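Everything below concerns the one structure shown next.
Every chain is named by a letter (A, B, C and D) in the order it is written, and numbering of its residues begins at 1.
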């Protein structure tokens, strides 16, 4: 690595920004069982405190996404100030129109107009919350869909979806964006109303510039080439955000990079090639994971580190050599240039980065030594642990 | 259809036996939300009453499988008598070693010997319950597995699994069987300790004749040919039971026959070809489904009817013509013979069957007219609705 | 079925139009082996004669798609006249930019500008052939992609693709269309340049109204809901054509309806709901299949019949009852309305249709009796059998 | 890395043995096109020469598997001597019962007894060739299966398969083994007669100790956990061999380690944990790949290096720390121990190994400098290039 390369890579890594989801610190599980953990937050403030802890040890996770109503509070300005006092900012507002009994057959695509109204109103409420928190991004994931052929009109549901999105889009302020997420299946098991990037993209194109697509890395059919979607949406100017996690099967929501670190590297390479890593580019790099069986704060720290390692490797690709091999049609050389970067052990570089940033080079060990885990286990007794239930 | 064929088919259909799961009548859902329904049972007795209702309208569902501890009672003899008074028998006992906090890292494969002991003791307890209920079958499904590479030893977990199975096998009475279920994934997302039929088969072979494999039709990787597995296990004498349901994606647990009725027909054709439909053959044909958004009792009635229709079509295959086309290598003719049966509308035949059996030819309409739904909605107020939670 | 329904359904079925691919009559196989069959055509004319034979027995397959250069002739006007004399018209022109040695690393997306020029020129040549044959549709399938990460720039290839499509689009006459096909993988095994409907759609939107998406039913990832894509593209006015076939695994190219007849029915239901079955609507319903081991002409007849049966069932759905059940949120009833149509045996209706149309009610039997198979086996001796090789 | 670890790892790597397939050096492709390459061998001898070249630069590929009839010669003793003179040995004999016109509907499972006889005779002939070459392993892959439901009896085909396997098994000498390969699909598209490891395993158990299962890493359904199968078969003593390659979709046959290097590492970790890397353990580690678009000899060199790198990482896992973390149920620590090994850059270690072995530390560069590529391009002009065709 030349000194110039090292400087370039370190500069990029220093500016990297990974957004943490408040809900990663609460309990989660599968339909079979939620295994509670000791020390889990009971309030939005405690979730923010945990997220701020992750930032304190990693240095690159300075914002927290909220989930409404899981993180509903009376005073968002105060919550924002609390976050600032902890050293982090509030990030994207995630709407939730899947947990009310009314949403059994859908939210904004429900055949019942009253339910649609209720769901759309919730989305509008989220924009109001954004006004209060100063959040730029409204992240929309719809669990809407059907379980049985014939259950509802596929086309009719698209009409209803388009109407709701349009109403919410019109409510956005000048600096606000709508991020539309897609997902192949679950909880709907026959049709999902936004099942793939093409559907999200087509809606976003119709809505306008403030509508962008979210790629959740666990939301695809087997065999889907995610980095292709990344490259395509970047070329179209329609990639708004990532929900990072990893999976072996379906939407497993494991720690990002745990299942296929090479895939994460390829995704990040598409990002860094066009300069989209820089926060000013406008892509939100968020985690969206479930730490069902592992300790939550260390799992988030590890996830941030996994993103950093993939990014560092992506930044190390010798683009000049790669382009030259590609242009000459040398399949093996081009592949070798990419693999050379991937095969590099970037952990020493990241340790140096952290020391440069005034951090402990080993975030997990530093966290373990910090006593934070023991403290929250002792302090957070009683009350109701946060989870997906509300 | 010749009169002989008609007689043969009707005789087989009259003897058909579909076992109902008690838990299909309770609330169920996804990790995102359980939508409660009115009139859902609060007790094992109420579940049995619902199952008996399904049997009353279909005539081919004379037994109910129990799930322990969801259906735990103090007096199983009394429960058995209650079921008999409702016109049904108690069927397989399903163990549950996935909902205690201790099972976070596994039950019989847990690295902790104490947890393994607890889990194995639960399985032994289930055999004692079988002694009381007179059930023939112990159905074992293990959620055991790992979420992350390295989390535990794949091989070590097999050793622990084998030890527990062996201990439970030895406890079985002469007329009792162990049915071992496999599942590709969920809730474990990296390894599952019994992920495929090969694993279940190998363990059952080692255990002995009383150990048999269960095929849950929703537990396979995409592209898996389930009727091949059916045929193979039948040939090996190792097919013990089905858990019927259907899926488009993963373990969706939709109504059997709803997603791919042609597949269900092909499965039933492998069954009827070797005479394995007959209850004396020893295969338990159970439903295992989740009626998350649809009315539960009608969904179970519909499911039983779907199995009947697929079976009727399978019984209509002109085996002589099929064999002749197969032996002469006529691909299109052989396929056409099979499709001729599948394309037949068997609903009139099934209406006749029901009238022969003294039933209403239209079970769903008859149920709707019966007032049972209104009655349970009115009666079952208060108390705690049954679900997966306990 | 009321007389009005019967009339409506028969009228629609009488106007149905399935386009046959010339190449279905030639030899085909897998990378492991092509099993030649006796009587296979040696020339485009013989392929057309076979296609006309299928039309003679089915009555709903009045056009033949050509594949260039497999069907290259000196005089397309004469070929067109020959087709007319056989009772069929020439249909879509399918380009082939995947069989020249130059295309090893791609055609219009090749890193080499010279190869791109050659490929684009071939596409332009196809438009000239369309001018001569009077074909409306240019069907584009690109095998372009990469096998290894790093091999080429994902984004750069999109730029090259867009440039080539644009040049060809500009060459189209007023009545001509470009149909862009997508495919998940094969022959490329890492990236494919048009891998999914979203990519094809985005390019078509940029190109303009004459560019439309082709859905090949075998070109999706496992779990993809094809009828959703059908409904979505119809709503967007961007569904141009189908390549019908069926599959259990990948792009198996089996006879349409053979693997999942229920899926075909659901697809056709989305079509008939919006009146898109009518030839005037503009959707081309083509077959694109490989009859590797079964007799080719009967396989094509059977395929046409499978499409007819799925269509007839789709036309029988009681839309009023369905809509009512959907609007009231009755999941089971809505599903039951759809299934009632699917469970109907429509073969008697189709036999009546054929007799109405002056055809034998049993096309396969009539073909078998016709002596055509014996004739071509006797006549087509010597020469080079048609296949994919040229 | 402690000196002890280093010594242990280097010793293991020095003894590693990867077997090369003769056919990797011939032309290959997809059903759409085979792109010929210059310098491709025309004879078994030239293939052996290419394989020997790979061994010369890597030092760990001392044997070549043959494919009959692709590598049929009159005098196998002479061929064996030729191989020895080139510095390599002849390895497994691969049978081929999929390319004769007679095998359209299957080989050993064909409904026609004459075809079955012919196929079985070929397998017996392969054992005779083994007698001549001194090969230990007969590798059996059957393309047998069906394309359409009803085409043939699933069960009947198993009976025929079992009969053929048994006859061939009985012919094996004391030191010879039968290796049975499974594959999900292709070229059969509905049923495959040996579709999964369970089927291969069950047949091998019945046959006896000399029958072992082959894992081809590209032959599984999406989501299959291959290292689980490795661990399970090792525990059962039934893992005979690997066919290494990699895939993103189906049986893509890309270079091993190219698609998912982390998976290859996990597979090799299961191997090294039980000492199965050692050639004396009896597992044959073979490549089975298609270099459709990349230069063949360098692709094979790269593949060998990829296996080495994955193996080196697997050998570096701190098993004591791993076991300790596993036993204490520390999910994150256990995963971290595994990832620490995976994240290590082992290329310097492998360069040292090669220098220790008297090799150039950079095999690909050394090969490029050697002039071998230029020589074969110049020498191998005329004649018929080897490929799958014969």
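List of remarks:
Note that in this section a residue touches a chain if its C-beta (ideal position, glycine included) is under 8 Å from a C-beta of that chain, and two chains touch if they have at least 3 such contacts.
Chain by chain, the UniProt names read as follows: A, B, C, D = L-rhamnose isomerase.
Computed from a prediction, not measured in an experiment: that's the story for all the values here.
Of all chains in the assembly, those touching chain B (L-rhamnose isomerase) and also chain D (L-rhamnose isomerase) are A, C. When the contact pairs of B-D are matched by residue number against A-C, A-B or B-C, over half are shared only with A-C. Our note on geometry: chain A (L-rhamnose isomerase) versus chain C (L-rhamnose isomerase), Cα centroid distance of 40 Å, whole angstroms.
Multi-chain contact residues of chain C (L-rhamnose isomerase) (touching two or more other chains) are listed as 105, 147-149, 184-185, 190, 222-223, 225, 248-249, 258, 262, 293-294, 331-332, 335-336. By the touch rule above, chain A (L-rhamnose isomerase) contacts chain D (L-rhamnose isomerase) in their complex via residues 222-223, 225, 248-249, 258, 260-262, 293-295, 298-299, 302, 309, 331-332, 335-336, 342-345, 347, 364. Interface residues of chain D (L-rhamnose isomerase) facing chain C (L-rhamnose isomerase) in the complex, by the touch rule stated above, are 28-33, 35-36, 98-99, 101, 103-105, 143, 147-149, 184-187, 189-190, 222, 247-250, 252, 254-255, 258-259, 292-294, 388. On the side of chain B (L-rhamnose isomerase), the complex with chain D (L-rhamnose isomerase) involves touching residues 105, 111-112, 146-156, 158-159, 184-185, 190-192, 195-199, 201-202, 205, 220-225, 227-228, 231-232, 234-236, 262, 266, 270, 273-274, 322-323, 325-329, 331-332, 334-339.
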